[in-house]
Amino acid sequence: MAGASRFAAAVAIVVVIAGLTLLPQFSGEYGVQIGFRLLIYIVLGEAWNLLAGYCGLVSLGTSSFIGIGAYVLVGVLNAADVPISITLVGSGLVAAIVAFVVSPALFRLRGLYFTVGTLALGEALRLFMINASFSGGAGGWFLNAPSPSTNALFYYAIGLLAAATIVISACTQTRFSILLRSVRDDEDAATQMGVRAFHVKLAAFIIASFLMGAAGGLQAYKLGAIEPYGMFGMQWTIDVLSLVIIGGLGLRLGPVVGAIIVIALGEYLADYPELHIAITGVILIVIVRFAPKGILGLGLQLARWLTAPRPASGALRSGAPR
Amino acid sequence: MNKKINNGLPRRLAKAALFGAVASFALVAGWTSSANAADEIVIGASLPLSGPLAGFGSFQQWGYKRAIDAVNKAGGIAIDGKKWPVRLIIRDDKTDPNASASNIETLISRDNVTALLGSCTPSLVNAGALVAERHKKPMVTGCDPLEAFKSVRKWTYVWDLFFDEPDLAGADFKMIAEYGIETNKKVAILHDNGPDGQIVGGQIWPAMAKAGGMEVVENASFPIDNTQFTSIIAEAKSKNAEIVLVDSITPQAVSIRKQMASAGFSPKILVIEKGAEPVQFAEALGKLSDGILVGGYWDPSFPYPGAAQLAADFEKETGQTSSQHIADSNSAAEILLDAIAAAGSTDPEKINAAIAKTDKTYVAGLIKFDENHTSKLPMAIDQWQSGKAIVVWPKDRATGKLLFPMPN
Amino acid sequence: MTGLHATTPSGPSRAPLLRTEGLTKRYGGIVAADAIDLTIGLGEICGVIGPNGAGKSTLIGLLGGALRASAGRIHFDGQDVTALADFERARLGIGRTYQIPRPFLDMSVEENLKVAQFSLSPFAAHTLIERECDEILEQTGLADVRRLPANALPLLRRKRLEVARALALKPKLLLLDEVGAGLIESELTELIALIKAVSGPNRSIVVIEHVIRVVKECCDHLVVLNFGKKFAEGSTTSVLSDESVAAVYLGTAHSPSPAAAVAAAPQSSGATPNPESAETVLALSEVFAGYGQAKVLNGVDMTVRKGEVVAILGANGAGKTTLANTISGAIKPTHGRISIAGEDIAGLSPHQIARRGIAHCMEGRRIFTPLSVEENLLIAARSVDRGEAARRLDEVYALFPILAERRASPGASMSGGQQQMLAIGRALMSKPMLVIFDEISLGLAPVMMDRLYEALLALKAGGLTMLLIEQDVERALALADRAHVLERGKFALSGSAGAIRSDARLRHLYLGEAE
Amino acid sequence: MPSLDVVASSLASGFFLGGIYALTALGLSLVLGVMRLVNLAHGEFLILGAYAGLFLLKWTGVDPLAGLLLVGLAVGLLAYPIHRFLLTPLRGKGPEAPMMTMFGVSIIMQNLFILLFSADTRSIERDYATASLSVGPVTIAWIYVIGFAVSVIAIGLVHLLVSRTAFGRDLRASAVDPFAAAIVGVDVQRVHAATFALGAACAGIGGTLIGIAFSFTPSSGATYLLTNFAVVVLGGMGNIMGTLLGGVTLGIMQSLGGIVLGDGYRDLVGMVLFLIVLAIRPTGLLAGKS
């Protein structure tokens, strides 16, 4: 039964991804561009959801890994003629290595302290990149390679999403998910059950950082010009965190729903500069207040309520106290 | 209960995935179909209307709108013998290059813009310009110093009218030489490490100082969100620099001036490029702004057609003091509109070719693009005197006398 | 601190599984465990008893690896494990339970077990994992709730889950930290059976326990800790019959005729003059309450009159603490009416109820650890002038002189019993109309329980109205005028303390079939 | 290597400026320690204080230093309803929900600033803001000294309030165990709201000092938020006197960084110090006594 559903889910995901590859044929250029942004945000959101939703690591250091990925991609492509897919893997790898290097210090921190620590990490990296001369300081780098077509970017993003889906599913639909959640729920109790909490957290952190790095690389490939304020900016961190919270933290498809909403909102609101981004703030507050499990959580609740078998004549049947 | 969750979850995931996919396709389809009304020329721009650079964005928005309104008042642009109205779509990039790029993408792919106008500062302009370049849409921009613009790539569809960093950097030294100003020839340079700051403060100023027989006693750089300058100011003071050259954004410029005063340091000549230019700088500093020099590429007093009127209109409409940014933005929009009219077509290639042929004096000055797609605006030097920016150099454009040395 | 008591060399002739040498834990200047030498043979069940603050939980932490030893060594199964981290020890076969169960609340019972199984053998065959899981769930009596989320389990089931989780590690050494605390007699019987069932020739068990019955029935070998030191050690019977052990730990309650309790009983009926005519302080009618879907109280009717002591008895999960929390406003009733001195308190928040004269001495003490003793007391004396606050302080200090001595110390530095005194004192500081005492003897050494009940007796003599929630039937009934026995959220039995005590149904309801 | 008086002046500036940092960080620390709230709108409260000081001077001519209490009161009063209407309903929903709400508030506040006050760079213009104080070879800004004094007084008052008064007792009790505090009669939500307002008031006062000493724009808040986090971590969350020490430590370390590596590295030095302290003493330099 469970196996059959899992199979159905896998089929559905394959169908969706395959369907996405056809998007450029049907939608115009605009659809493809929105699609690209959506895919990048979904990958970032899923990575962050793995950390925060499954492993309890509420990180505010997202931008660090996006920035690292971006600089690696531009640096590598400018230095050598390397295929883009390999460069993207490189972006992810370097981000993952950085994650590995900082993890001993970061994982000493629990809860809020971890959150604040990752925030400091992101800021320190940004400040470093602004001052460092090898990376062009605040001026950043330009990509010398020819710029890719929108469709090509879109296909790379689909590839990235497919990879992310496989990796994250491998984490959240398998035995590993139980270990992840045990660390999230009570790290001390988990270690007393023999769980190598450090390794579990490290695995999640490295996987998430890899995906963030690769996504950052792809974004840099699209932009063609990168600098620390844009690539290491808090905006990434906040966007990713908002989209997961809006979609539904800890729900497998929360980031997907969240990314759709955040992108849609951003697109609509950018047309009304008078309203500025204040509306984003209002929406965030309202969603956090009234949909604690995000829009997806709200939707699932609604669906459950709609489909729940309700007694036709409850008054006669029920003696249960209210 | 949990049994249901466990077994139902993948199925529900599948359902939700399908739902999500359908919803996103629907959304995309909805956007894509929001095409423009026919017989209309659409021009797009992404501007920093919020975030740290929101101040620039509001001036540019006014400049762009004014040009488009003027054309529409005249009935629009004639294409194939028929007058087409022009519609300007402005999107907010929140001072984020990523948003600037995606805004331009949306303007091109959803709104089918005919051509584009630029944002402000190299990182925002470049991010959008690269998208325009990739999609072969002509873009005219100001507000991007020419060296920083040229360093990105060899442009085909993007055109920039602004000052050139060597001009800006050299103006101060030219003025010192021309007016025969006496100092101890010790120069301290404080600059931010943004692209233009690095070029002006890191490269051109030191070179020109050396060429002018001066000694650079300090050359310090800082990131644009730094708030503390005590060490570098103390250093400049201890080296007894009489000429201090600063290149920074406005908030930092104000802090630097205050911190110089509170460190008891007052050089004879203080130039603050970029940051000292808007009137808010003088308002924030009050008396302390007196005597500060800043390079400018425009003033309502300049002998260009409509210059005085432009500033007067701005001040009447907004109730705020004008800025030179209204001139380059207004001119950029006019150049683009003229080129569309000259091309008599909305074909990007034809418009681009027409932009290349621009040779006319606009409100910002004579515009003629070179092979690097840049058109230089000549420099002047303004000095803040009692809260007003007085043009003090070159002599033929001066509206007042140079105050020297800088008052204490 | 009295010199080491005559220590019979630990009995077992079996090969030692665990051996500690000079095991010491210091926190700053405080020595929580002081050079403890311990040897536990394979297959042995060793009990560890001692007053609160004696270092029992510290010992578990040190053995399990949650705490790092300041000095000394631990040898386990022929290996020095002193430097190993907790998860490494767990993987070697040391399983522990927590005194207050810490299941992974959002995970199902089954998944809770699988955490241990997967961490040990991530690639074991599915069928093998399921079979092991089934066995453990069967053994611990959790098979019927295997798919329920852990947060839906009542306390007893959670304690079983603690044991089950530890068993999933296939431990050679099982550390049980006060698994009996808070359980009633019939539940204890089940627990003892469980401990016996999971023991075996290849598994040693360390039982840290206040409930003497568990130790008596399970352990071959007993260690008494006092002030972090090993105070006595030997066979269970010899240690329990030792007079010096009785003096530091067992107290008088367990002597054949508990003097305090007997003395209290006759007084109690006389102390309440004419209860029927006294004014009503608290009244509940048809109260339903619970947490989300789980209904815990199913229609409770009750009144408490001025000067009365009413005891609420019942098994774990019967809803005793929920009842207390509902009265003090922490849980909103879904139905029914609660009134204080005639005023309906619907919609009032806890602090408003507190200001209407209900004090709640909470389960688990809940004192404010960073606040000083005096601040802990003063915080409850709200909107009174300085003089009045000082008078009330004096009253509490008179009741518990130790609090006066330590008035400036932070709450964190107090031992468990002292903290409980502080919690009682804090409840009194608001000069309440009614005090709810929720499980004040939980987790305390028998001597300390005696001490606290003496204080309650004195308070009763002073005319304090009390609602006494207690798992210790004898003590509660000795003090109370009337009692109710809760069963599945309803009163199954109500009446005067004497009548309840002699009611055959009490034994049936409360002690279960086991006796 | 810079001369001795440059070094001495820099270190002295760092020390005094650190005191101002401490005041601006105090609110963040209190709110974090008592309510477990990561207040991402803290920087905006600071900027609100700067605007309040500016307009107090512009409209009434009252010197912002004389009107500091008024500024604090105004910012505190504006913050109170934010807690009452936005945060109170989120109690018991974990730390992310309030954090995100405050992020939303910060976006809204930034845009309101732009709307109401334009995006212009502002500064509070006072003579004493630019006067210098010379003692031997050391030259420092008067405003740093004044700001330090104000900060120390304000922090001292808050310390007394928290350690000596009934409100402080309620506050500390609510911080460790809000449930038990409510049961003994403490109106925890009111204590939280008051703490929130108090924190905002301190930020507002600090913001006015920043506005006098430096410049500010609607979006300056973020920079100070990060500096403040560093101070909080150095001093320990919720530790009032620790915040003062943390601020001074950060100020001096930043100055050292500025001297050795250049002013560009100031903030980086702060962040790195912050990370190192976190890694060594996860609960802060001065925490761990409790």
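Note that the chains take the letters A, B, C and D in the order they are written out, and that residue 1 is the start of every chain.
Everything that follows uses one rule, which is that a residue touches a chain if its C-beta (ideal position, glycine included) is under 8 Å from a C-beta of that chain, and two chains touch if they have at least 3 such contacts.
In this text the structure is predicted, and so the values were computed from the model without any measurement.
Trainee: Expressed in steps between touching chains, what is the minimal separation of chain A and chain B?
Mentor: Each step joins two touching chains, and the minimum needed here is 1.
Trainee: In terms of C-beta pairs in contact, which of A-D and B-D ranks higher?
Mentor: B-D
Trainee: Please indicate which chain is farthest from chain C, where distance is taken between mean Cα coordinates of the chains.
Mentor: B
Trainee: With centres defined as the mean C-alpha position, give me the chain B-chain D separation in Å.
Mentor: Spacing between the chain centres: roughly 34 Å.
Trainee: Could you put a whole-Å number on the gap between the CA centroids of chain A and chain C?
Mentor: Using C-alpha averages as centres, the distance is 44 Å.
Trainee: List, in ascending order, every residue of chain B touching at least 2 other chains.
Mentor: 6, 50, 193, 221, 223
Trainee: Which positions in chain D are in touch with at least two other chains?
Mentor: Within chain D, residues 111, 114, 264, 267 contact more than one other chain.
Trainee: Touching chain D in the complex: which residues of chain C?
Mentor: 328-330, 349-352, 354-355, 359-360, 362, 366-371, 375, 378-380, 382, 410, 412, 426-427, 430
Trainee: Give every residue of chain A touching chain D within the complex, in rising order.
Mentor: So the residues of chain A in touch with chain D come to 52, 58, 104-106, 108-113, 115-117, 119-121, 123-124, 127-128, 130-131, 234, 238, 241-242, 245, 249, 276-278, 280-285, 288-289, 292.
Trainee: Where on chain D is chain B touching in the complex?
Mentor: Listed in rising order, the residues of chain D that touch chain B are 2-3, 5-6, 9-10, 13-14, 17, 110-111, 114, 118-123, 125, 129-132, 134, 139-144, 213-220, 223, 254-255, 258-259, 262-264, 266-267.
Trainee: Tell me, which parts of chain B touch chain A in their complex?
Mentor: 6-18, 20-21, 23-25, 27-29, 31-32, 47, 49-50, 89-94, 96-99, 101-103, 105-106, 108-110, 122-123, 126-127, 130, 133-134, 148, 151-153, 192-195, 197-198, 221, 223-224
Trainee: Which stretch or stretches of chain B touch chain D in the complex?
Mentor: Touching chain D: residues 50-55, 57-58, 95, 193, 220-223, 225-232, 234-235, 237-238, 250-255, 258-259, 261-264, 278, 280-281, 283-288, 320 of chain B.
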